[in-house]
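Have a look at the structure below, then the notes.
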Amino acid sequence: ANATDLEVTHWWTSGGEAAAVGELAKAFDTTGNKWVDGAIAGSGSTARPIMISRITGGDPMGATQFNHGRQAEELVQEGLMRDLTAVAEKGKWKDVIRPLSLLDSCTIDGKIYCAPINIHSWQWLWLSNEAFEKAGTAVPKNWNEFVAAAPALQKAGIQPLALGGQPWQANGLFDVLIISLGGKDLYEKVYKDKDAEVAAGPEMAKIFAAAAQARDMAKGSNVQDWNQATNMVITGKAGGQIMGDWAQGEFQVAGKKAGTDYTCLPGLGLNEFLTTGGDAFYFPLQKDDAKSEAQDILAATIVDPKTQVAFNLKKGSLPIRGDVDLAAANDCMKKGLDILAKGSVITSTDQLVSADTTKQKEDLMSEFFANASITPEAAQKRFADIIGSAD
Amino acid sequence: MHNTVSIDKQNSVSIRDLSLSFGSVTVLENLNLDIHDGEFLVLLGSSGCGKSTLLNCIAGLLEPTEGQIFIKDKNVTWEEPKDRGIGMVFQSYALYPQMSVEKNLSFGLRVAKVPQAEIDKRVARASEILQIQPLLKRKPAELSGGQRQRVAIGRALVRDVDVFLFDEPLSNLDAKLRSELRVEIKRLHQSLKNTMIYVTHDQIEALTLADRIAIMKNGIIQQLGDPTTIYNRPRNLFVAGFIGSPSMNFLHGELTKNSDKMVFSSNGVSFSLDGYDAAQPLQAGRKVVLGVRPEHIKVNENLGPEVHDATVDIEEPMGADNLLWLKHAGHTMSVRINGARRFNVGTPVKLSFDMSLASIFDAETEDRI
Amino acid sequence: MASISTLNTAAASFDAVSSQLASGPSGRKPRRIFAPRNIMLYGALTVAALYYLLPLYVMVVTSLKGMPEIRLGNIFSPPMEITFEPWVKAWAQACTGLNCDGLSRGFWNSVRILVPSVVVSIAIASVSGYALANWRFKGAELFFSILIIGAFIPYQVMIYPIVIVLRELGIYGTLTGLVIVHTIFGMPILTLLFRNYFASLPVELFKAARIDGAGFWQIYFRIMLPMSLPIFVVAMILQVTGIWNDFLFGVVFTRPDTYPMTVQLNNIVNSVQGVKEYNVNMAATLLTGAVPLIVYFLSGRLFVRGIAAGAVKG
Amino acid sequence: MAAHAPTGRPSQLFRNLNAKIASIPMMLVALVIFLGGTLWTVFYSFTNSRLLPRLNFVGLDQYERLWASSRWMISIQNLAIYGILSLIFSLVIGFILAALMDQKIRFENAFRTIFLYPFALSFIVTGLVWQWMLNPEFGIQSVIRSLGWTSFAFDPLYDPDIVIYGILIAALWQGTGLVMCLMLAGLRGIDEDIWKATRVDGIPMWKTYLLIIIPMMRPVFITTLVIIASGIVKVYDLVVAQTSGGPGNASEVPAKYVYDYMFQAQNLGQGFAASTMMLLTVAIIVVPWAYLEFGGRKRG
Amino acid sequence: MHNTVSIDKQNSVSIRDLSLSFGSVTVLENLNLDIHDGEFLVLLGSSGCGKSTLLNCIAGLLEPTEGQIFIKDKNVTWEEPKDRGIGMVFQSYALYPQMSVEKNLSFGLRVAKVPQAEIDKRVARASEILQIQPLLKRKPAELSGGQRQRVAIGRALVRDVDVFLFDEPLSNLDAKLRSELRVEIKRLHQSLKNTMIYVTHDQIEALTLADRIAIMKNGIIQQLGDPTTIYNRPRNLFVAGFIGSPSMNFLHGELTKNSDKMVFSSNGVSFSLDGYDAAQPLQAGRKVVLGVRPEHIKVNENLGPEVHDATVDIEEPMGADNLLWLKHAGHTMSVRINGARRFNVGTPVKLSFDMSLASIFDAETEDRI
């Protein structure tokens, strides 16, 4: 085929992310087409509005990143997205993609509209071995030990918990606490069943208490971006950070070794469940047939095993298919793969609640984490309201 | 509204039933005016009386609410300004600042795509008439006020128009230049013999330039006539007070009969009306205003048969003339005498009034009797 | 102005005492440069000037330091070792995603957006202002009032309808579309400026031109335009700074290969790879601000004049 | 004698046709974009549109939710604080600077340039610079601490209670130059004789300004007020660049709420409801002004 | 600079060696002027000659570069304006627009902490003198031009000052109001007997108001004297041309001897100089300019022994007067005659000149001979 330029928008601009995108681009370019990079810095929340206005404005890009889940639901319903069912059938996606729930969230009315590229799990605690050494305590094995070690860290002038200022980080942290401290049932009752009573109940109260603890530990981390927070852990300025597996990429770029320089605790070392959220590429309908063809090629490329390996190694996320060889994966990744293999997976919030509800939660959490004067009780009450009206 | 209007062939500009309002404010109302061919008509009135509005209607810069305008027998009420055969000169000169004098003069011709040779000829002629040849290359900013106004007149001149409209062309000039340009405009009219309509609020300009003067007040023409008539036989109190500087002296009183003769009496003093040319029969008991111009009162010299006593209150020497403000039977009265005659304040003097040049107005209707 | 006289106040009162002593000539004229009033006046101005200059100074100084120096020193200390590395990096090397050509690409994109947007928006607004000021017709003021109220509407509110309009016109995402968006949002304030300015020109000029037979466009091009330099400068400065500095429309109504410089700046600043490179950020910031700053420095004097002519008169 | 029939008024539509044609862009913008767009927005604020506009009417639901939202309340509160303070301070500072500049000073051009240059910079740039200046690790706080005052604390961008003032500092830095410019133009327009009269009357300088000059500059103040106010309502970029609304929600503003809910939360209906509330506020401020300024006055 | 200055005790304002420059432009140079107590002095000159500058120096609003100013024998060169005992009235009125008339009048007093009772008394007195009692509650915007100017005068009045300074107080008013207020100011001076210094470029104001007139040109006083002297015996060509409207007629020529008598000849016509009161001996051959005022030429009536021929070029009737522009031996000459006498253009007329009222100037130095 002759080369077609395909513009791909995404919000992967940090060091590890950019390296991973590079792999993807390389893979696509070798098919004889050309990847035109449309990175939008900031985060999904900056980039998504732009992507959506371009799609609804009639100037769609060739492909765009979304978190798979409900973010693109309406666009698909509106008929603005390309149906990838043919590509999926040809690539036997139904057979290779694992867990299958990933593909489910790309499926609307039986048709497949997106190509998942990775699995991201949020439930990781990243710890700086150096920091604990300096504080003179052992590297914690789980969240509770970490909380206990906080005073020692503080005494040593180290920030116990690093937390960036963007709302989605606080929100993510809170959801991790639910799963890891409260368990799968609690999580599903709240987010899947949207049970306001549970959300207002005593079990959630415990989570809020823990969140308040986390808030105290995070006090003073004056950074905005997640990777700046990660950087605090990398440089030993902070003891730990709750962040998704993408943080792994940053450690890798910084040349740190899992186990020796840093420690990762999936499920906060308590409840080893991972959510299977992740990123997927959507392909807005194009008028130009050549472009549509290139879109199919890109979709196939994304799911291709080789790309999966190259991409996910750089990104620090997990591949979407079980049949790839990740010999090169490091400690942490392997831990994650094991958990996946065990089937300890939970549907991510992206798939369970709407962007609207997520936004409201983000508003609540970012307020809660920034403002120590909000009591856990007050926050819980507002939380229950949000869940009560969630969809 | 009339359905057919008859226009005198000799008229250059005819205005029929013209009304104009800005929103709810009526500025002109049912105005009729015929301007003869070659006539110099001056529209005189105080500020805000609607003079410029009328001129702008004639020029086509404002659209009348009602009525018709004819120029050279053609109904131009809805024509564009350029198609009316008029030229206009503004108080602020309105020269195009970025163009040289020559370009200013020729702009209208260039817009109308007149051939260059013709343009050159007309510009040359106009600048010769107005003696602005040496200025042709200059920008307006490099000209004095008088020169600017000359160029502005030139701009109307080159367009070879039938009717010249002037809107207070001299009020931005100082007194000296004003009187110089006044003479030039008069000379221009004498040589061109175009119809000219000239708006001013300066009565000296009106008196010196006009063939006829139309005195306006609140959008209504109060009197239309030649300068002498207007000065000597003002039709009403407003015209009488408006024309003449210092103003006519007005004495309020009534007509009474004194031994068979009608006299005017006011504050216990009576004035014989001998020589007054009344337009209406004089009736005793009628409340009237007697108007006498300052130069028609004699002081201590050539006194007539009837003599009044007065004292000098203020003296205003003005060079050629001397203006006395006198106290006379409770009135203050101004009298103009020769500049060489001087009086001290407080001096008692004798006065006599020339009734043949006085005016009497009804106190109620304010019209001349 | 008032000012001549007020300047002398201090001097005069200073000498008042001595002149009362005798009817003779008073003493030497007091020196004025160090009068307390002057010290206060210039002192206040200088302090204010420092507040305004400080951020610029910090930007320049920071952009000339290396990262280690930034981490150690304070933001006000001058660079111990001047390096132009951050400038080079900001201009040509900084990465967003896969593109590592810094701001340079955005610069030319900005220029490509700027020139037509400024020209078109000023052209349309000046003609509208001219029509409003000189050719009033029924309803014109109503449209104008809507326009002015429109100046207060937050841009966010209008984005969605505009996306729809542009989509319907089929020019979403094109340069034409963006130019139209800039024209739309420049319209209220520019039309106001032009209308006020043209209304402040003597109306007789307009009348004279009509009598000379010039029509709508002839008057506009041959009479009005040549007289309107100050207001065009004001409009130009407002539009150049506004359009150059625009972020929202640039990001919503363009595509990545035509991103203007501000979007690129935002990308660079927010694409943190490891630690924030403040020096590169500051260099990038300065580079982005350079164009409006230069335009402003070159024509600032006319700006003030034009503001006085167009904005303050209502 | 010749008889002429009067002619009737020709059609008004084609009078000044060129002017009307030339005004078409303006009319289109006013009608389609500003009026149409506004009505469209208000209309859809009564629906539960999510990512795409849909006509599912839900009455006032969106508004009820809006006013129950603590983030919206914070936004409103912030806008009020920011708005009032920035109005007061920019008018006061702008006027004082203008008054100082009006003293026939030397280097007037240099000072004016210095005060006005921030105006040429975008809010993005302004936000970044001030974020840097106010950064507790590197900025003013650390400088002062390094001078020996170790307990000195000035980190408005990280303190939810005062973060809005940190934004205000940057906004004033950016905007007061223009205000000064407008005020200066106003001062220069004041009759010189007034100053002379006050000196002959022996009125002290400050009283002259307070009791005579400022009241005389009412139109300039109003123009300035309107310009500043329109900027205040729209404030968005600055907050995004400086704090992204943080810490927490402490520096959120309505424009950002609108944007976030329209695009991030993919809840257009909510965003439109918030926009409508903003429009309402604007209308309350602007319509009376516009009426006085453009409607009530007839020009000659 | 002088070291000691002697000041006449009777003088109210004395100006000694005053110079003032704006940067490199020297506006006033070495100016000396004594103004007597109670005198009404008018500074007359064309625009830009430095009148306002001089007035502002006296008021203390401008600081002289050199020289001294004394008011009531006190050296006030460095005093604040408010301490000089002066009041000032401006052309633009300079009323405080947002204050009522009453506040405008009393503002200076309130600032000076004068007791309220005293303020009320003074305001009442001033408003009575100026007859503005009914206006006290109004804002300046609600007043007519004349009323505003009256309030502005009142503001000086309440301050009980020794010297009133007026800077073209009437030039913003229309002709009628101007002449009314002129009379009022004159009356005010007659009753208050304060020293008044009055700047104008209107010669009628100068002639009518002044006790003495100082005519200025380029910052130098050309002639200082009472109005009659200035009008009839102008010291140089500038003064002669500046005063009088229409201007004095100037004829360029030379003195020649004709049968023992000195005559003035120009363009082949000679004029007998009988009756001319020469300040210097008249020498034959001297190039001179003969100046004759329009009202000092007789037309067809009361002709003197020497008669000249002329034709009427333009006629400008002005009501009380009639202005003729005549062609006479290559000159154009203006003549003022009674308004009742009218001539047609082109009519030949006979003229005679009254040499006792004429002026002769050296063509070189332009000074009167």
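Think of it as A, B, C, D and E in the order they're written, each chain with its own count starting at 1.
Note that in this section contacts are C-beta pairs under 8 Å (C-beta built on N, C-alpha and C of every residue); 3 or more make two chains touch, one makes a residue touch a chain.
If you want to know which protein each chain is, UniProt gives these names: B, E = ABC transporter ATP-binding protein; C = Carbohydrate ABC transporter permease; D = Sugar ABC transporter permease.
Fair warning: this is a prediction, and the values are worked out from it, not measured in the lab.
Listing every chain that touches chain C and chain E alike gives B, D. Counted by C-beta pairs in contact, the busier of B-D and C-D is C-D. In whole angstrom, the spacing between the mean C-alpha positions of chain A and chain E is 92. In terms of their C-alpha centroids, the spacing between chain A and chain C amounts to 41 Å. Taking each chain's centre as the average of its CA atoms, chain B and chain C sit 53 Å apart. Taking each chain's centre as the average of its CA atoms, chain A and chain B sit 90 Å apart.
The set of chain B residues that touch two or more partner chains is empty.
Listed for chain D are residues 194, 196, 199, 259, 262, each touching two or more other chains. Annotation for chain A: residues 49, 53, 56 touch two or more other chains. Touching chain C in their complex are the following residues of chain D: 12, 15-16, 18-20, 22-23, 25-27, 29-38, 40-41, 53, 96-97, 100-105, 109, 111-125, 128-130, 132-133, 138-140, 142-143, 146, 173, 177, 181-182, 184-186, 188-190, 192, 194-196, 199, 205, 219-220, 222-223, 227, 229-230, 233-234, 236-237, 241, 254-255, 258-259, 262, 268, 271, 275, 278-279, 282-283, 285-287, 290, 293-295, 299-300. Contact residues on chain D toward chain E in their complex (touch as defined above): 191, 193-194, 196-197, 199-204, 207, 211-212, 215-216. On chain E, the positions that touch chain D within their shared complex are 56, 59-61, 80-83, 86-88, 90-94, 96-99, 107-108, 111-112, 155-156, 159. By the touch criterion given at the top, residues 50-52, 65, 69-71, 74, 135-137, 155, 158, 160, 243-250, 259-267, 270 of chain D touch chain A in their complex. On chain C, the positions that touch chain B within their shared complex are 202, 204-205, 207-214, 218, 222-223, 226-227.
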